[in-house]
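Each of the next two complexes has subunit A plus one other chain: subunit B in the first, subunit C in the second.
Now for the complex of A and B:
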């Protein structure tokens, strides 16, 4: 490793001219990390690994897939039956999308709990939200590619949302479709964009990491590091911890891929797309259900679309909606309760999103939607003002070495 | 230890959440009565019963194939359920497919070969519609995966033909307690004496249905046996690796925790 610094050897020669090795050394080895990170901090690196899994399996799938309305469904079956281990690659890709969302949602809730969006990490938070938006677009377009019933009708419902835009709505929808219906042109462009977007995500992930390393990771206490005694090098401490967490999650992932590969999917997507036959219930993939519930909670089409988009856009304003100077919910008794109320509210929205829009589900969905926005617009600013936080520890090392951390819930 | 509980808690919650969602979807057709059955391919070690699947091919071929295609399956795939190359060739040759145009541009018919897909009972979709009151009988290749309830649903469906209640409007359909809406366009296909099994097994309603489901479970998931055996080895390896990494993690962190 000393070769990198003194410019000797092949690695040193290259690094003197292009500092990739010293950058890697800084990012993955030396990077000073708070010594008190808990397991919730594993999910960032996990998300990165699932992104890589998706890209690698996706490129292999693209080599065997046919993006045409006549050939798409059959080419998926070709992958499942004739391509060597094609079934494995496709099941990893299908379920990898779900796991990518699971780890990213946990990552976001961790940020909400420990106030990771607060100064000086606002841009880091924004970049994360941009990644989420790109992920959603990518996942949606990917679900369309098998050209099953849910692919087709999901694409029809979601692209039709743009017709809610006043005046130019219909023109926008026809521009998206590349015609007058969800058809071959749409499938082709979705395939092209589904291939492109993951690389955009990689770009934003790099920015996300640059922003992260500018001020370093937040930590369960939410206090800034006071000196070197508060930090430990990333390697070996967090490399081994991340590897352990990765192996644990991969074990669960393998259980799903090998024993319940279609559990998270919908049976209707094994029926080829039929524009003349609408499925009884059109439901999106589970990770869109909270937003789908918000969309349906508003009786007006345009209003619903605005509400659904606002549900994510409002998170961009979080650093200013949260008026408290204390980052970690560990020291915020009132906010901590409201954090869990929000968590339950999102679960309720997921449940309502997956249920038919009828009877009491409509009212529950509307109340849960109102609560979701009230949490950010009303409760967060008020709690920050009226709440008296518990006393913060003097430093991370003092807290770690003197007593067990009470960072949990 | 608190952190482990948190992790377990979150997975537990997500599991419940997913279950709640799926049960909602499955509960959609509440007028359909589905009996939950156990099949040879259920569970962690469950595999497709190949002898049963071979009998199921006979049921498909003699009964279902009159109306239902199997477009994603090739004759050569039958080797997977224990047929020999010769048997597959012989089985395929009883069907006819269109040959490539000859030197004069004429298209004639030739016997099917193992690399051909199962020959459809129809020339095209319009013919299928014309022969079935306007509705195309669904292709059966993926049917076990393409319906909520899977194999249990088909078991219930094939057994679910009953005398319709007086007040039920059937129009051109048949009464079936397992079908969503209870009116199905397909007449009862199996009665128990429909096939004479080549392997000497005595035919019965139950036997035919289970064999057919074994066969269709295989056509829907030809990878099932490989998947489960590979999955078990992968899972064991990952449990071992997770343990080793956990011990390493504790050992490396010991220095700074004390």
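Now for the complex of A and C:
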């Protein structure tokens, strides 16, 4: 490794001309990391790994897939039945999307709990939200490609959201469709964009990591590092911790892929698309359910669309809606409770989003939607002002070393 | 202005900047338009815009669905009861007021685009609280004239442009 710096050897020769090896060394090996990160900090690297899994399996699937309304459904069945290990690769891709969302949602809640969006990490937080929006678009377009009933009607309902835009709505929707209904033109462009977007995500992920490494990782105490005694190098300490966590997550992932591969999907999507018949109960994939519940909670078409989009856009303003200077909820007794209220509220929205819009579900959905926005617009600013935080530790190293010694460090 | 040399200099330099900026912006817009417009409906999609339907075999109370420009069309030979139900209401109570005679050229035959005006699902016929159509996706109820009566849909089911070629043949589009 010393060859990198002194310009000797092949690696040193290349690095002198293109500093790729020294950049990797700084990013993945030397990168000074707070010494007190817990397992909630594993989910960033897990998200990166699932992005890679999706890209690799996706490229393979594209080699066997036919993007046309006549051929799409049959080519998926061809992958499932005839292509060598096609069933495995497709099941990994399908469930990989769900796991990507699981780890990203945990990653986001981690950020909410420990105040990772606060100064100086606002841009880092925004880049993460942009990744989330790109992921949602990618997942939605990918779900359309098998051209089953849920693909077709999901595409119809979601693209019709744009028809709520005043004046130009219909023109925008026909432009998206390339016709007067969801048809071949839409399937083709969704395939092209579904292939493109993951690489846009990779680009934003690189920016996300650059922004992260500019001020370093936040940590469970939420206090800044005071000196070298508060940090340890990323390798081997966190590479091994990330790999250890990964082994657990991949075990669960493999169990789902092999034993319950269709658990998170809808049986209706194994019926070929029929433009004359809408399935009785249309629901999006589970990772869209909270937002779908918010869409349906507003009894007005345009209002529902605005509420759904605002549910994500409001997160961009979070660094300013949270008036507290203390990052970690560990030292914020009131906010800590409200964090868990928000978590429960999102679970309720998920449940309502997956239930039919009738009876008491309508009222529950509306109350949960109001609470969601109230959390960010009313409670967060007020709590930051009225709350008295617990005393913060002087430094990370002091906090770590004063603990009773459990692990021999 | 002329008394101040810096102002004059700034203005002349600004002119060059603005004109070149406008030229570049116009060029980018002109080059970008084909890339945007290619996504609009293509010539072959636009060419498939009319369809002729023979209504002879329809009996009162029967409906057919026809695919027109990729969307389902509902054509229903309405019963006397349905027609009187469609006329016998207070128009002011409607969300999207429209008398039945504006919606059916021949009051026997109701021709509509079978796409819910909320988010594009296909409503089910002869269901819902008003005996017309009911959309299962988000619960919009339409009456026997296809007018929105209850639920999130903002407008009535759309009527396509059509003409009667003779007593029982219509041309849509």
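Basically, the second predicted complex is superposed on the first by the 403 of 409 C-alpha atoms of A that agree within 3 Å, B and C clash if a C-alpha of one lies under 4 Å from a C-alpha of the other, contacts with A are read in each partner's own complex, and residues count from 1 in each chain.
In this section, a residue touches a chain if its C-beta (ideal position, glycine included) is under 8 Å from a C-beta of that chain, and two chains touch if they have at least 3 such contacts.
None of the values given here were measured: they were computed from a predicted structure.
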{"item": "Subunit C versus subunit B, contacts on subunit A by residue", "value": "B"}
{"item": "Which superposed partner A:289 touches (first subunit B, second subunit C, both, neither)", "value": "first"}
{"item": "First (subunit B), second (subunit C), both or neither touched by A:63", "value": "neither"}
{"item": "Touching partner for A:357 - first (subunit B), second (subunit C), both, neither", "value": "second"}
{"item": "First, second, both or neither for A:268, with subunit B first and subunit C second", "value": "first"}
{"item": "Touched partner set for A:281, first subunit B, second subunit C, both or neither", "value": "both"}
{"item": "First (subunit B), second (subunit C), both or neither touched by A:240", "value": "first"}
{"item": "First, second, both or neither for A:18, with subunit B first and subunit C second", "value": "neither"}
{"item": "Partner chain(s) touched by A:167 [first = subunit B, second = subunit C, both, neither]", "value": "neither"}
{"item": "Common interface positions of subunit A, toward subunit B and toward subunit C", "value": "280-281"}
{"item": "In the complex with subunit C, residue positions of subunit A that touch it", "value": "153, 156-157, 159-161, 163, 174-183, 185, 189, 275-282, 296, 299-301, 304, 357-358"}
{"item": "Footprint of subunit A on subunit B - complex, ascending", "value": "2-4, 6-7, 10-11, 13-14, 17-18, 20-22, 24-25, 28-29, 44, 71-73, 77, 138, 141-142, 145-148, 150, 180, 220, 222-223, 227-228, 230-232, 234-235, 238-239, 241-242, 245-246, 248-249, 252-253, 256"}
{"item": "Residues of subunit A that touch subunit B when the two form their complex", "value": "35, 38-40, 74, 77, 80-81, 87-88, 91, 102, 106, 232, 236-237, 240-241, 243-244, 247-248, 250-252, 254-255, 257-259, 261-264, 266-268, 270-271, 280-281, 283, 286, 289, 347, 350-351, 354-356, 408-409"}
{"item": "Subunit C residues within the subunit A interface of the complex", "value": "36, 39-42, 45, 65, 67, 69-72, 115, 118-122, 135-139, 152-154"}
